[in-house]
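Common to both upcoming complexes is chain A, partnered first by chain B, then by chain C.
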Partner chain A sequence: MSAAVDYLRGPWHIAVFTWREGIRKKTLVGFLLLSLFVIFGSFFMSSFLNQTTGSGQIETEIDTKLIKDICVATISIFGMLITIFISASVVPNEVENKVIYTVLSKPVRRMQYLLGKFVGIQMIVLANLMLMTLLFLIAIYIRQGEFPKLLLWSALLTYFEFLVVSAFTFAISCSASSAVLPTIGGLFIYLTGNLTEYLKDVSNRSEGTELADVTIGRIADGLYYILPNLQKFSIKTEILGLSSGAPLPPEVAEQIPNLIAYGLAYAVSGYVIAYWIFRRKEL
Partner chain B sequence: MKKHPNITLALILLLALSIGSFQGRRLDRLFEAQAFLQWIASVGTNERLGLDGSVGADESEKYEDDTLYSDVVVATEATLLAQLGDDFVAEEGHSALSQALENRTHDAAIYRLVKSAKLAPLRGQFLEKLRAGKLEYTQELSYAAIMSGLEGKGSVSIFNLFFGFRKVAANFIWLQVDRYWHSGLLHRMIPLMKTCVLLDPNFVDAYLLGAWHLGYNVTASMDYTPYPLRTWVDKYQDCLGEQESYYYISIDFLKDGIRNNPRNYKLYFDLGFGMYREKLEDTENAVKYLTYAARLPHERWVPRMLYKSLEENGEYEKALEGWHLNLERFPEHSVSLRSIKRLKGLIAERNAGEAKAKAKATTDVAEREALMSEYRAFAAEAREIWVEMDEPYAAARALRLDAIERAEKGLYLEAVSYLDKGRFEAGSLFVEFSDLIIEFKNAGGLPLSLSEQKQLIREEEGVSCVGMPESVREERVAELRERRKPTI
Partner chain C sequence: MSVVIETKGLSKIYESSFRGQDVHALTDLDLTIKPGEIFAYLGPNGSGKTTTIKMLLGLIFPTKGSIEILGLKDIASAKVRKNIGYLPEGAYYPDFLRGEEILRFYGQLYGLGGKKLETRISEVLEEVGMTHARKRLLRGYSKGMRQRIGLAQALISDPQILILDEPTTGLDPIARKEMRDILARLRDQGKTLMISSHELLEVELISDRVGILYQGKLQKLGTIDELLTDRDLSIEVESASEEVLSTLSEKGITAEDRAGGKLTLRVASTLNSYDALTLCKEHQLNLISVAPRRETLEELFVRTVGEAQDRSKA
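Let's look at the complex of A and B:
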């Protein structure tokens, strides 16, 4: 037990250091402020709706829906940008600043160093997500007068989506010497992760008898099942449509733990790739 | 690990990817079950409410929803009834499945059944038909349906183009619809409204406001189409003019909304009250949809509108029962108190009329006398209620009783004058009293006014329109004859 605690003490210090360094980054603060501004601004979006008739104002819930949808989109977009940016920059910056040489000259293994960095990144991502979600919940509470508990499930799934992108971006960042390439790579992962469904489409199209068709179809099919599909997390937007007091429908409730396991499996994959690259890196 | 680090890492990576892949497949199966459940809910709602399909008769042949649904009902009936227990009683004419889907109580049991191995072959058939485009009642852009391959072979899912932000896209389209509405560009709103609900099938307010625009605002500037110039439409079993076409577009829009959101009372309410009662004056359908609205969690005005519609549909006892329930929930509610009195008066009037009709029909003198005294007792009861109520509607009803009394004595001119006063006392009775005036004038040989003559012509013409089948015309003629049956 104490061996495990000793082993994790190093990564924990590195994680705390990464967190302290991360929250000072001006770009991250900029993204966060911008997202908070948009979430706050969504409160006034309903002013674009002029739902009046000759006999007065029409009572609808469109404005609440506008706030919910815009807030979730904002959290997803800015949260993803923050995730990609921080995951792409942590290791390359340390290489660039040569801090990594000092750290690795101490009795810290590369595995511990990388674990600390990854945990630190997740702490930053989680803190940002929690801040944005809190403001979102406050906006909905002011509008509806009740605490939208179901939205917490939506936020949880959003985090696991970030976790997958973060792990693979982190893996790319371990092979790069600057943050530019991993940032582009992270954006690419996010885009392709949302388009994995096309591989299924390719597989469906290639049902001919030609060997090339069959081969391409099988490769596409194989890739479809191996690569992460971020669209699977879109169930979070379905949760938004449920009324606050209602319980989670059984079909959605069953998907949540499976999505968490799905996210964790790919996060572990990303982390293993990151370590594989990093352990061979010449430092 | 130390000896063969690469192999160890490769194995760990392979294991993690395998778990991810396994979870991915598992999630796909869950999405398929969800899509299957959504489809069952849509078709089940369709069965329970007897909704018309959203496509024309020529197109409906290519869809196989009903066949597959019947198989699902047969396969699930016994298991479902066993799972639901003895408390669950299925209504006659409806499957247990469609009825269990009405509210959330039985969701878990239905979901267990839907993803069970027993239904695996039917689930497979569902996916096959879904991909072949043979199912009509699918939430076309719902996530589960897309993940299950609704987009079919060789096509690209529009869903992916929005990276999961299609609800936001739907919102911005709605802002444009709102802009068009305020610019008066109503014709431009319709395709955008449809796009909006295609992107977000759970956007209930889009269905509600869209249907309101179609049924009320678009038709407001249209001219009335005289009945003979209207065209018979088989799908709706009605003669449609320009305004009526839009009423039915609005109804179809709401029915699509109900199929996609079967547990939202607002859609049923707007369909029953907003369209069937207010626009088409179809009280039977109004009662049907308002009943479903009242069964779901609702606002307090929903049952009240149901009771009003029940009264208009002639179901006085049910309406009376409803108002009593409402009074229990909201003691001293003035509308309930007034409605209870009014309904008691109407029931007494109806009983009086029935007793008189029976008296007229019988040849037995003693029985006739008994029935006539029954009639007088009911009429006196009704009169007492109307006098006690002391309001324009009640005063008009009392005048009607006076008019009938005069007409029975052959004093038709007096009877007509009572009714004439009565129809201006209470506007809601204008049509009923005008019909009675025509009847009394005809019975007394009094000349009809120009507007009354026109009314009769309109009624004659109202039985047919362009393309109406002969059988329907005959039915309508019979209905008209029934309506013109003498009151006295």
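Let's look at the complex of A and C:
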């Protein structure tokens, strides 16, 4: 137990250091402020519509839906951009400014270093998501007059979606010398992760005997099984569609632990790939 | 322990991609560094100094050869790492942190904590003369102060070995002198210092042994006294015509420096002092001073690199 605590102490200090440095990054702060502005703006926009269309029950529901739609889109887009940006840049930046030399020359193994960096990134991603979600909750609370608990489930699933993309972007960043390639890689993972059902379609349709058809089909099939299927996390928008006081439907409640396990499995895979790349990387 | 760092046949080849030429960054380096000495590791840019240091720290991996530090082959072991402090060249330290915070972070990586760490932070800040700035943000530090805080992070675990990459580069003369004094004090405390530097005058003043590297090969290795054996004569005269200088040059006396109406002549070691002075008298030169002179490290460095270049051309 003591050995495990000793082993994790170094990564923890690195994680805190990464967090403290990360939250000061201008690009990240810019994305965050912009997203908070949009979330806050959605509330005002709905207030404006309310004044122009009346204040009946239907209008209130429309307003709430408007706030939800804008906020969900904002959290998804800006949250994902922040996730990709921070996951892509932490390790390459440390190599570039040589901080990594001073850290790895201490009694810190590469596995510990990566663990610290990865945890630090997750702390940043979580803090940003929590801040955006909090504002979203406040906006809905003011509009509906009750605390929308179901939003928390949606936010939790959003985090695990970010975690999957973050882990793979982080793995790519461990092989890169700058943040450009991992950023592109992260966007690719995000986009293809949302298109994996189409890959299955491509695989099913390419049943011809021509070599090109077979090859395309097999590639699509391979990618379908390798790439994370981020569409699985789309139940978070279904949850948002439920009325605030309603309980979580059993079929949705059943999926949540599976999705968390799914996200964790991909995150561990991403971390293992990152370590495999980084363990013999020449710095 | 008679040796703290030992490399045998240490080589590093950077394999090129797309069928380019491999780069032999270091070739068969046999090096020993003894306890309590300041070892200066010299060489022009790209000669393999940083490659060697990175291999000693486990940041890159040797193509062949072996490294032993403190008698251990596992250079990534905690025992070795706890006894090495490293100051990289031009490292960045996050400027939102205060001097003591950055040291706390690095101290924690060594497993230090609590009162022991706070005491050690105070000690190293005192050691590098930064106690007054411990609570100041790094963004308010001058280059010299940043270099000192870098040295402090290397010292935080009280290591036996210090590896310093260009510790005085970019510092003003006063900061350079202060850094030199700190390094000499550390040597006096029994620490072993390996310094990679281009500041040859600084190195000559404080180092015990020197290794000169060129194109990945160790060209010279020895103590300052062993290496700087060439001694000659320096003669200061009032002035001399070009014709006289040309004649003297043929006989081994060359004009070295002309400043403030004085001319310094350098007498080759092949010519004895009496003959040199007789030649000056024959040409009616007004002597100001005559002094014995030892070859400087800079001259040895230039000569060594020049010879190595000639050999590689041949």
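Keep this in mind: the second predicted complex is superposed on the first by the 258 of 283 C-alpha atoms of A that agree within 3 Å, B and C clash if a C-alpha of one lies under 4 Å from a C-alpha of the other, contacts with A are read in each partner's own complex, and residues count from 1 in each chain.
Keep in mind that, in the parts below, a contact is a pair of C-beta atoms (placed from the backbone, for glycine too) under 8 Å apart; a residue touches a chain by one contact, two chains touch by 3 or more.
Remember, predicted model here, so these are calculated numbers, not experimental data.
After superposition on chain A, the partners chain B and chain C are seen to fit next to each other with no clash. Once the two structures are overlaid on chain A, chain A sits at the apex of an angle of 170° toward chain B and chain C, using CA centres and rounding to a multiple of 10.
In the superposition on chain A, A:17 makes contact with chain C only, while chain B stays out of contact range.
In the superposition on chain A, A:26 contacts neither chain B nor chain C. When the two complexes are superposed, the chain touching more residues of chain A, out of chain B and chain C, is B. In the superposed pair of complexes, A:6 makes contact with chain C only, with no contact to chain B.
Contact with chain B, but none with chain C, is seen for A:201 once the two complexes are overlaid on the shared chain. In the superposition on chain A, A:251 contacts chain B only, with no contact to chain C. The overlay of the two complexes leaves chain B and chain C separated by a minimum Cα distance of 13 Å. Overlaid on A, the two complexes show chain B and chain C touching no common residue of chain A. Chain contact summary for the complex, chain A toward chain C: residues 6, 9-10, 13-14, 17, 20-21, 24, 97-99, 101-109, 280, 282-283. Of all the residues in chain A, the ones that touch chain B in their complex are 48-51, 58, 60-62, 65-66, 69-70, 72-73, 76, 191, 194-195, 197-198, 200-201, 204-205, 207, 225-226, 228-235, 237-238, 240-241, 246-247, 249-252, 254-255, 258-259, 261-262, 265-266, 268-269, 272-273, 275-276, 279. Residues of chain B touching chain A in their complex: 5-6, 9, 12-13, 16-17, 19-21, 23-27, 30-31, 33-34, 37, 104, 107-108, 111-112, 143-144, 146-147, 149, 151, 153-157, 159-160, 163-168, 170-171, 174-175, 178, 182, 202-206, 208-209. Across the complex, chain C meets chain A through its residues 54, 57-61, 76, 78, 81-82, 84, 86, 88-94, 96-97, 105-106, 108-111, 150, 153-154, 157, 163.
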